[in-house]
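So, here come the structures, one by one.
Consider the two complexes below, in which chain A is the common component and chain B and chain C are the respective partners.
Then we have the complex of A and B:
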């Protein structure tokens, strides 16, 4: 595949980088990423991946765009209100970069569909805002041996980690199981600074780009936290005891996907 | 008299930074290690930057030849894939 002059110009700043170059840009164009959630995290992640020329981007979300989303979900605009988020996201990405093929999937992820959804993609981004989905994505990615980026944001805080099969702990190794229903506020109840999605979602896009191009070290086996009030990033090395995790351990006890119940307010 | 044989030539006189070096990188990509690329470039910014960028990428700059018409030929040997 030879680059057109337009592509050389579009991707010039990638191609110039020694770490990416022509080969890396081709890897991006041949790569595929599934973004689950077209919200605060998924919006910036999707836009940076589209701009970077990731050739195939899938985006999954069941919701429609609401005015209260626009405070942080920068892939959507006023004209998109009441439109399915995945359609609005697809339109924005395709306007940004015609090289990108966007698969818009308007659905809730569940134990029924998740394995089929993630199967065609090289890398998965968890941009969801609730624990049941986060554990479902983790378990499905572990079972299907798919690398994925976990992230969460609330108020002025964010965290992320990357799971790469065979390279360290999964999300469940660290967080075990969802907290009791209503024990932890969702970002709808607790609030979140819009830019938090930009910070953490962009880091997720960076992990996807690094995974696809093979550049640098991923956040595998490490948890990064960001506290915007203190303006501090911290990276914690995560222990990995392969004997104990019920999903990625040597003797897994979770061998089927679980649909945990969502807190009532998340169902809308 | 030349102690090298040019395997490929790329003309970057029709583009400006950063596409100048982008075209060089694409041309180098097509070559095997050990092959030699001639890069025809304008005086000024390309002459200042392209040889340095080639070196930073780990390639060997053999010669910079003035063509006498405001253009230069930079001769680069590909050392790194």
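Then we have the complex of A and C:
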């Protein structure tokens, strides 16, 4: 595959990087990322991956765009209100970069569809807003041996970690099982600064770009936290021993996907 | 006794348990926090019985579900 003149110009700032270059840009164009959730995290992640020229981007979300989304979900605009988020996201990404093929999937993830959804993709981004989905994505990625980026944001804080099969703990190693309904505040109840999604969602896009190009060290075996009030990033080393994890450990007790029930961060 | 909590040096009374530290540190969701000590996970059931030792490096890992 030879680059067109337009592509050479579009990706000039990547191609000039010794870590990426023409080879790395080809890897991005041949790469695929599935983004689950077209919200606060998924919006900036999707936009940066589309701009970067990731050749195939899948985006999954069941919701439609609401006015209260626009404070942070920058992939959507006023004209998109009441439109399915995945359609709005697809239109924005395709306007940004015609090199990108976007698969828009308007659905909730569940044990029924998750394995089929993740199967065609190289890397998965969890941009969901609820624990049942986060555990479902984790378990499915462990079972299907897919790398993924977990992230969460609330108020002025965010966290992320990357799971790479065989390279450190999974989300369940750290958090075991979803907290009961209402035990931990959601961002609808507690609020979130819109730019938090930009900070953390962009870091998720960065992890996907690094994974696809093979550049640098991924956030595997580490949990990064960001506190915007203190303006402090921390990287916490996670325990290395995953042998007793019920899903990624040596003798897994969770061998089937679980649909936990919990109220998601409501839209309105 | 000096320990490190979330990267910051702290002085706590001798024989402080992990459960007591969770309250001393005003953890917002004390029943739903993962604790690691010296890069090893501590099971929730052991929070009450685990006594901290000089120099322990304690991290609190919080549930953060938002993405919306």
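FYI, the second predicted complex is superposed on the first by the 263 of 268 C-alpha atoms of A that agree within 3 Å, B and C clash if a C-alpha of one lies under 4 Å from a C-alpha of the other, contacts with A are read in each partner's own complex, and residues count from 1 in each chain.
Everything that follows uses one rule, which is that a contact is a pair of C-beta atoms (placed from the backbone, for glycine too) under 8 Å apart; a residue touches a chain by one contact, two chains touch by 3 or more.
The shown structure was predicted, so the numbers you read here are calculated from the model rather than taken from an experiment.
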{"item": "First (chain B), second (chain C), both or neither touched by A:129", "value": "second"}
{"item": "Touching partner for A:154 - first (chain B), second (chain C), both, neither", "value": "second"}
{"item": "Touched partner set for A:8, first chain B, second chain C, both or neither", "value": "first"}
{"item": "Which superposed partner A:230 touches (first chain B, second chain C, both, neither)", "value": "neither"}
{"item": "Touching partner for A:174 - first (chain B), second (chain C), both, neither", "value": "second"}
{"item": "Of chain B and chain C, the chain that contacts the larger number of chain A residues", "value": "C"}
{"item": "Chain B versus chain C as contact partner of A:16, first or second or both or neither", "value": "first"}
{"item": "Partner chain C, residues of chain A touching it in the complex", "value": "37, 39-42, 126-131, 134, 151-154, 157-159, 173-176, 179, 183-184, 186-188, 190, 192, 197, 223, 234, 236-241, 264-265"}
{"item": "Contact footprint of chain A on chain C as seen in their complex", "value": "6-7, 29, 31-32, 34, 36, 39-41, 44, 59, 61-68"}
{"item": "Interfacial residue positions of chain B with respect to chain A in the complex", "value": "18-19, 21-23, 25-26, 29, 53, 56-57"}
{"item": "Interfacial residue positions of chain A with respect to chain B in the complex", "value": "3, 8-9, 12-13, 15-16, 18, 21-23"}
